[in-house]
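Think of it as A, B and C in the order they're written, each chain with its own count starting at 1.
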Amino acid sequence: MSPPDAKPNETGYIHHLHADQFDDLVPQALANVELRGALAKATNTIRNRRAIALEEIDDLQELRSRAKSIKTEALAHLDDHLETFERQATANGIHVHWAADAESASAIVLDIAIKNKTRLAVKAKSMVSEEIGLNDALIDAGIVPVETDLGEWIVQLAEEPPSHILAPAIHKRRREIRDLLARVLGRPMPDDAAGLTEVARHELRARFAQAELGISGANFLVAETGSFLLIENEGNIRLTTSLPRVHVAVAGIEKIVPRLKDLGPLVRIITRSATGQAISCYQTLVTKPKTSPEDDGPEEIHLVLLDNGRSKLLEDDLTAETLRCIRCSACLNVCPVYRQIGGHAYGSVYPGPIGAIFTPQIAGMHAASQLPGASSLCGACREVCPVDIDIPGVLLHLRHRAAEGDQSTGNHPEADPRTTEKTQSMRRGFRFWRWAMGSSRRFQVFGAVGRLLATVIRQVPSLTKYAGPLAGWTDGRTVPRSPGRSFRSGKMARRLRPEGQGRA
Amino acid sequence: MIKDDRATILSAIKASLAQAASGRTMSRLHGPPPSIAAPPLTNQPSIPAVDRHGPASTHAAAGFQAALDRVQGVCHRVTSDAGAADALQAVIADLGVRRVVRSDDSLVIEILERVIGGFELLPPNVDRARLLECGLGVSRATIGVVEYGTIVLTSGDMAGVSGSPTERQRLVSLLPATHVAILASSDLVETWDAALASLRSASGDLPPTATFATGPSRTADIELELVLGVHGPKNQHVILLEHR
Amino acid sequence: MRIALFVTCLMDQFRPEAAEATVSVLEHCGCEVVFDPRQTCCGQPAFNAGLHQEAIPVCRGAVRVLDDQITRGGCDAIVTPSGSCAAMFRHAIGLLDGEDAAAAKRVAEATHELSEFLVRRLQRIDVGASWPGRVAWHDACHGLRELGIKSEPRRLLEAVDGLDLVESSTCDRCCGFGGTFSVNLPGVSTGMADDKIDELETLGIDAIVSGDASCLMQLEGRLEARGSRIRGVHLAEILAAREPLTRANS
């Protein structure tokens, strides 16, 4: 609709986003003993598998730096690569569409669905489709979307969003899944994972056979050849891209890699990082629709390129690192915060450390500024990131933007009301702190006051309710035993004073 | 609408990249700037054609078998077409399969002709309902990847171009619970990257679809417990013809 | 070698024995230690909260005091018993402007965390310590991931007489402190501490040892609230200890 020279739509949209309720969702998650048990077990298992899988690679750092440089290079010339991709893919017979925002992307898919008289669409798991709220758009138009990835199917039946980028039902115990399927399908269900999987295979076979449209994401788009690669384990993507007459793939613009040979290093590192497998069961490289001698395959392939706020991240080398993400979810599995609260508490389809930086940058700080606070800045996420995204650095940057803004916004803070309130409260404390830290004498005086207060609270813990924002700290922790003096007031410190600086 | 979005997105990207190049942004202080220099792009096809039709070593065959074994697949190494037929017959008998569907690859047909029987053999162009009743599918693998025990399944009309065995069917290897792939040892390559490279014809063309399949399909979506056989095959057999 | 000590605000006020232990260890290794009492805090708590207006003056103050010691005070290096504060001086390079940024660069380059300084710079492993007891090491996040400190403290501890070092499988997992994080999300923070403590309780250890007073405050606070017999000890306290080996340490 907008003319080409219009100011681009800078902030995107994430469907069902309620990251502004993060503070309320966290206590709910913490109170859910079942959830925390499931998360602890699952994240332990995957992180160990990942570590073992990566030990097998001799030149891991070399591989990681290649993966990083492929994505960095792709992003540095993203406009050129997208145009090359469009040219090549079009020559291959793939219809390429451009969607500036979520609404536009959903409209494009819907248009294709309607033109092909779609009643049922089978879907391979796609984070981008969750991001743009494609299922709701299809349902509103009277089209039934059926998720076909086992975990995604389970959460769809439970009417929940996925809680993990790769394992959408990671928060659910087996018994819970059994009961859910029994309720939805109206018959008794087996107890074991194999039996439940067999049920899914059987139920979904019928859907695959009926569907007029197959919808998927894409892991990598290859500019050089106009192809795209789909990575999976279950075979549902192969079915989604083989059985229906029409296949639509929706992909963020950051999924581009320049050359075909770039796929090798990325494939080599993504599955090991994601599930700890040496390689996933299936990687399907799609280049063309079905050709004349073929019996099977889609007659039409569409690829929707989605911006939805991504191009804005390229303004800055640091924020652009966010777009290197290959969605392996290794950062979720090692994140101690994710481990405590799970994916739903983030209030975004993108949870965990990557979600905490991706969500506010895509949907806007006003909608998700609490998420960058969901980190102790421990750096475990960056340590495992196969493309070395400086997640802690971006978290710090976003916290700063929430509190003070930056040059690109004319130094206006960008935050939701809760974050603003919290920041203001912290700022009052830190203003005092700044003043107290501003001289050695004040530091000494307020240090003594602090030790005294700590001693009193240690004796009478009920006093903590007057400690304002600090009250929560003492809920589960005992205030340390305070020494009667500071280091600087001691004999040794006085002995160590450099010449000419006698005054403390 | 679509054309407008194209221009909007490309101009937004250009504007952002220009701003990043100006280096005036503040967020640099939170982390060091990326130190990776991007290698220049070239116009030539990035992957040279690979000659994979040389003699394959026993070492490669053993490596392939071991790798496939690690991912719960089964590799039958045979040294004659008759041996291949025996292996196929044994798989069918062991699983008690009553209906088998084949692709129309000539080698697949040749081997199946040597199989004694005891099952119904369906040609590839059966209707989908019949295909769904088949317990086993036999098709040709274009390439085998030694490092992972991967078979590459291609579809399309590439046979005349690259000389690679390319199937016209995708569902034969996908819908039945058991897939048996026929792989010539001359089609073995060492790495995934080499397999990808060898998919390209001399003119740089790729088959419409190429699937790299490693072992039976699997999931760990329920409590991270590994279950084999979800939507794709539950059993993956590869008959490796060491004499070809 | 003349060393400027950056003692860190928390240790100065809440763990003076560990600060003094740091000095003793350095002096035992032949260093001359100076402590400039104009120093207060590195500014990290406000910086991590995104509050640069508050962080900058405090950080600048620390940088100027320490830069003064290395450029004019004749100090060869800065040592701090905290990986976290050492890492903050690296961020200070970008946070501060002009001459202060240059000073921050000098300070960041001269600053060493204690164990890193002893092992890498002085190449000392055995510092003559004796401390009877069984301990596990907690890798403080910033020391581990920003400074790459992993083997150094373990080597130092292994050389301590009477000390039995056991490896914890959660050694590199965050304790949950994270500055304002532990105040803003206290439940998550204690959950993270519990994750570690649950495992530590199975190791039969007397103490959890770390190189950061802030991690110790978090872990000790939680250990004590849970009624655990495990206590928190700073690395420097062990390295300076000369405990008789016959007495049980409890």
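Assorted remarks:
Just so we're on the same page, contacts are C-beta pairs under 8 Å (C-beta built on N, C-alpha and C of every residue); 3 or more make two chains touch, one makes a residue touch a chain.
Quick caveat, the model's predicted, so the values are computed rather than measured.
In this view the innermost chain, defined by its CA centroid being closest to the centroid of all protein CA atoms, is A. In terms of C-beta pairs in contact, the better-connected of the chain pairs A-B and A-C is A-B. Chain B and chain C have Cα centroids lying 52 Å from one another.
Taking the mean of the C-alpha atoms as each chain's centre, chain A and chain B sit 29 Å apart.
Computed centre separation for the pair chain A/chain C is 32 angstrom, with centres defined by C-alpha atoms. Chain contacts: chain A has residues 396, 400 touching two or more partner chains.
Residues of chain B in contact with at least two other chains: 28, 30. For chain C, the set of residues that touch two or more other chains comprises 91. For chain B in complex with chain A, the touching residues are 1-2, 4-17, 19-20, 24-28, 30-31, 33-34, 36, 38-39, 41, 45-47, 70-71, 124-125, 128, 132, 148, 150, 155-157, 168-171, 174, 191-193, 196-197, 199-200, 204, 206-225, 227, 229-233. Residues 26-27, 30, 36, 40, 336-337, 339-341, 373-380, 382-383, 396, 398-404, 422-423, 426-427, 430-431, 433-434, 437-440, 443, 447, 450-451, 454, 469-470, 472-473, 475-480, 482-483, 485-488, 490, 492-493, 496-498, 501, 503-504 of chain A are the ones touching chain C in the complex. Looking at the complex, you find that chain A touches chain B at residues 1-6, 8-10, 38, 41-42, 45-46, 65, 68-69, 72-73, 76-79, 82-83, 86, 97-100, 104, 107-108, 148-151, 154, 167-170, 172-174, 177, 193-194, 196-198, 200-201, 204-205, 208-209, 224-225, 227, 233-236, 238-239, 241-243, 253, 258-264, 267-268, 275, 277-297, 305, 307, 311-321, 390, 392-394, 396-397, 400, 406-408.
Interface of chain C with chain A (complex): residues 5, 7, 9, 11-17, 19-20, 23, 33-41, 43, 45-55, 57-58, 61, 69, 73, 91, 141-142, 144-146, 172-174, 176-193, 195, 217-218, 220-222, 224-225.
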